[in-house]
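First chain A sits with chain B, and in the next complex the same chain sits with chain C.
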Partner chain A sequence: METAIQILFNSFVSGLLLSLVAIGFTYIFRVTKVFHLAHGGIYIAGAFSCWWMLAKTNNWFASIAFAIAVVSILIYLIEKTIYLPLNKKQSNQSISFIASTGLYVITINVLALFLGNDKKVFNSSISGSYDYGSIIFTKVQLFQSMIAMLSIASFSIYLKITKSNLTLQAVSDNETMSKVFGINTEKARVNVFIVGSILASISAILKMLEFGMDLQHGMSITLTASVVIVLVSRLDIGLCVLFSILLTILQSTIELYLNPQWKEGITFLILLLVILFRTEGIISYNLRKDRL
Partner chain B sequence: MNYLLYILVMLEIYTLLALSANQKVGMSGLLSFAQAVFYGMGAYVTAIFITKFGFSYWLALPVAILTCVLVALLFSFIAGKVRELYFSLATLALQVIFFSIVFNWTSITGGADGIRKISHPAIFGFEINTPSSFAVFGGFWVLVVLLFYGWFLKTPISRMIKATRDDQIAVLSLGKNPNYYKRISIILSAIIAGIAGSLYATYSAYIDPTSFNLDESILILSIVLIGGAGRIIGPITGALIYILLPKLLEFIQMPDNIAANIRMIIFGVLLVLIVRFKPKGIFGKYLIQ
Partner chain C sequence: MSELLEIQNLSSGYNGKDVLQDISLSVGKGEVLGIIGQNGSGKSTLLKTIARIITDNAGNVFFAGVELNNKNTWDLKQLGLSWFVQGGMVFPTMKVSEHFEFTLKGKSKSESAHIKENCISFFPALASCMDKRGGNLSGGQRQMLSFAMLLSQKTQCWLLDEPTAGLAPEAVKDAVDFLNKMKEQENKTMILVEHNYQVAFELADKIAVIKDGKIYNSFQKTEFLKENFLNKHLYN
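Showing the complex of A and B:
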């Protein structure tokens, strides 16, 4: 019983961190139609730039602000120079997917070149834990879940206040018609890229607090987030969070009963089965067959 | 000299891989992120049958090719079910699953430690174990594949494969089954990649899962897209650029510790520039759709 509670708690925290990446990835994918694999590079860029600034200034506020500025500028440049021109040329999703793959390769190798290939670790001042029998809640985990929930809530409130969700839904459904009705689709695209990237970098910084981070982690979490995209298939923050947590519970269970390395294989087996037998996602609107 | 021969063998292996990916991407329009699955399958099956069952290279190779064909049938099932981005995502999933299997099935694949002491091939009692003999052996396989394409590209089947790529509905209206031609293309691609894998395993005498991961699949796909998909010259050019890039970096005296990252950055930039400004690649004929 205690093991089960511990797994549930750990999965809940990891699920929240995954959901930050998945929400951003889902919004980017649904609104812009770009399968933004470079999200993994942005994720690492956020964590590494925060780590670099913290090493220079020892100021958390400045470091987080710097990381947010770096990813925002980076994704703005990517959107304006690569994705948007491809969109204007009406290139299909495969083309932007390839471009995104190239951007991921560039981002990761530039980071490796300037900051090294080794694992980066924060000198976190948050240590200690609360023990209830054999169940351990570390202070870092509690901090992670608090900030993650706050970020998700802030994003939801932002969408409500600005009424962006309806706009983004419209752009997602039909970009051309959205333009006809006066929606500034280019602005909507930039916004969704920037907000998605900020959410990813918050997740990366929080993740780095606990275990540190290496360059490969970005791809791994982005691929897992892509499973959430396919499973959910709609713009819904609550469902993204729910599926992220369920996915991490599944992965933790696999880690407990099998070799931890199987977890990615089994996660992607689920993705494959969903793509093959329910391409429109588990919870979704029905897609027309010609969109598959 | 040995280093130059090593470069030549790697060029031959990557040419085979690029030609195999071109069959899928350029000839059939199937953007696959799992080319390293067939490469790895060829390498692992060859290595396992040589080291565990004492097969010779020439007996292990057909088994490796047969295994690749069986997996290719699974791929063709996927290609028949989904298209475009969803096909790419499905292949990406298969790539991760394959890596997971070779990494974890330690009793068969050796897991992270890989498989060592893979014996070299022999022809009529002459063992191919020197860099020069491997360069000739690799060249033989490239020649076989090129000669095959010299014939195959003129056949009606090849034209139907391209027709399926360009207009699936038109093929259907002719009373033909597009999935049949996709299947042929995927099987052909798998066989060539399997041969490349088999060659790599016996050349390096050691394989581990990291040579057949998602990064490798992305790399193979990039080689084809940069060189240009849909023609034979495209993948060969892409492989040449990839293999000769390190030599160029050496020529400008780039330090070894950063050369690998610089090479990947250049390759990534090339990929993005090609997609942005020359989507058909350097010598390509086919625009990915």
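Showing the complex of A and C:
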């Protein structure tokens, strides 16, 4: 029982961190139709730029603000110089996917060149834990969940206040028609890329607090987030969070009872089964096939 | 009649290849211009160019004196110009009620309610499918919602790209009735691209025939209602 509670708690925290990446990835994919694999590079860029600034200034506020500025500028440049021109040329999704893969590799290479290949660790002042029998809640985990929930809530409130969800749903459904309704789709695309990237960098910084981070982690978490995209075919923050947590519970269970090496294999096996038997995703709009 | 929309020496196309060549046309306020022609003649390309979907063009388009060459598609609604997209103006995953919420975003509650009420008064059947998603509507319901969306935009000039395509005869009649009402009661200006020539003849004040990307000929209502018009001017 205690093991189960520990797994659930750990999965809940990891699931929240994954959901920050998955929400951004889902919104970017659904709105822009770009399978934005470079999200993994942005994720690492956020964490590493925060780490770099913290080492220079020892000021958390400045470091986080710096990381947010770096990823925002980076994704803005990527959108304006790569994705948007491809979109205007009406290139197909596989072209933007290849471009995104290239961008991921370039981002990681540049980070490795300037900051080195080694694992980066924060000198965090948050330490200690709360023990209840054999169940342990670390202070870092509590901090991670609090900030992650706050970020998710902030994004939800932002969408509600600006009434952006319908706009994004419209762009996701039909970009050309959205323009006819007066939507500046280029602005909508930039906004969704920037907000998605900020959420990913917050997740990366929080993750780095606990275990540190190497350059390869971005790809792994982005691929897991891509499973959420397939499972949830809607622009729905709540469902992204729910499926992220369920996915991490599954992964933790496999890790504990089977073999840690099977964790990602089984995750993607589920993805393939969903694609084969329910292409439109587990949670999707029930629409007439001839209209899809 | 003062000209609301003027097209001057317009050439445009795809991937650097011109589909339209040197088109000049004008439409006065409250006038309906029908564009007819065979498949691939460039009718839809003309509307897409006016609507700034195609931006690779030479020549100018002026709407209410404003040059459209340096405008984006999303600016046109504000200027008073709407494009009725071929296939209808329906978002598959949005509920009918959400379509109204989306198109009326930014308007006051009372203004939104008034516009919505006006739309429903034209298409009462929409009231019973507010919770249906666009992708689950029948052809007739899609058409009603599309016209309601057009109406809710409160624009002066409509670019209509085959608004009756794929509809059953009764739905075509409803569409023509609606557009006629808009012309008579609201004094809407329209450029109507139609495959169904009878629809074009019924609604238009003048007709332009496009052939191989050029204006082949244009006619006033008195001329195109004459017998054998199509045989004489389109099919030979």
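Convention: the second predicted complex is superposed on the first by the 285 of 292 C-alpha atoms of A that agree within 3 Å, B and C clash if a C-alpha of one lies under 4 Å from a C-alpha of the other, contacts with A are read in each partner's own complex, and residues count from 1 in each chain.
The criterion applied here is as follows: a contact is a pair of C-beta atoms (placed from the backbone, for glycine too) under 8 Å apart; a residue touches a chain by one contact, two chains touch by 3 or more.
Keep in mind it's a predicted model, so treat the numbers as computed, not measured.
Engineer: Between chain B and chain C, whom does A:Val180 touch in the aligned arrangement: first, second, both, or neither?
Structural biologist: After superposing on A, A:Val180 lies in contact with chain C but is clear of chain B.
Engineer: Once the structures are superposed on A, label A:Ala112 by its partner contacts, choosing first (chain B), second (chain C), both or neither.
Structural biologist: In the superposition, A:Ala112 contacts chain B only.
Engineer: Check whether A:Phe268 is in contact with chain B, with chain C, with both or with neither, and answer first, second, both or neither.
Structural biologist: first
Engineer: Counting touched residues of chain A, say whether chain B or chain C comes out ahead.
Structural biologist: Comparing chain B with chain C, the partner touching more chain A residues is B.
Engineer: After the superposition on A, what does A:Tyr130 contact: first (chain B), second (chain C), both or neither?
Structural biologist: neither
Engineer: Have a look at where A:Pro85 lands relative to chain B and chain C in the superposition and call it first, second, both or neither.
Structural biologist: In the superposed model, A:Pro85 contacts chain B only, not chain C.
Engineer: Regarding the shared-chain residue A:Ala170, is it in contact with chain B (first), chain C (second), both, or neither?
Structural biologist: The answer is second: A:Ala170 touches chain C but not chain B.
Engineer: Contacts for A:Phe97 in the overlay, against chain B (first) and chain C (second): which applies, first, second, both or neither?
Structural biologist: Touch partner of A:Phe97: chain B, not chain C.
Engineer: Overlap the chain B and chain C contact sets on chain A and report the shared residues.
Structural biologist: Residues 292 of chain A touch both chain B and chain C.
Engineer: Please give the residue numbers of chain A that touch chain C in the complex, ascending.
Structural biologist: Interface residues on the chain A side: 163, 166-167, 169-170, 172-174, 176-177, 179-185, 234, 285-288, 291-292.
Engineer: Any idea which chain B residues touch chain A in the complex?
Structural biologist: Touching chain A from chain B are residues 31, 78, 81-86, 88-90, 92-94, 96-97, 99-101, 103-104, 214, 218, 221-222, 225, 258, 261-262, 264-265, 267-272, 275-276, 279, 288-289.
Engineer: Note which residues of chain C are touching chain A in the complex, please.
Structural biologist: Those residues of chain C that touch chain A are 51, 53, 72-74, 76-78, 82-83, 85, 89, 91-94, 98, 101-103, 105, 133-136, 149, 153.
Engineer: Which bits of chain A are touching chain B when the two form their complex?
Structural biologist: 35, 81-82, 85-86, 91-95, 97-99, 101-106, 109-110, 112-113, 219, 223, 226, 230, 259, 261-262, 264-266, 268-269, 271-272, 275-276, 279, 292
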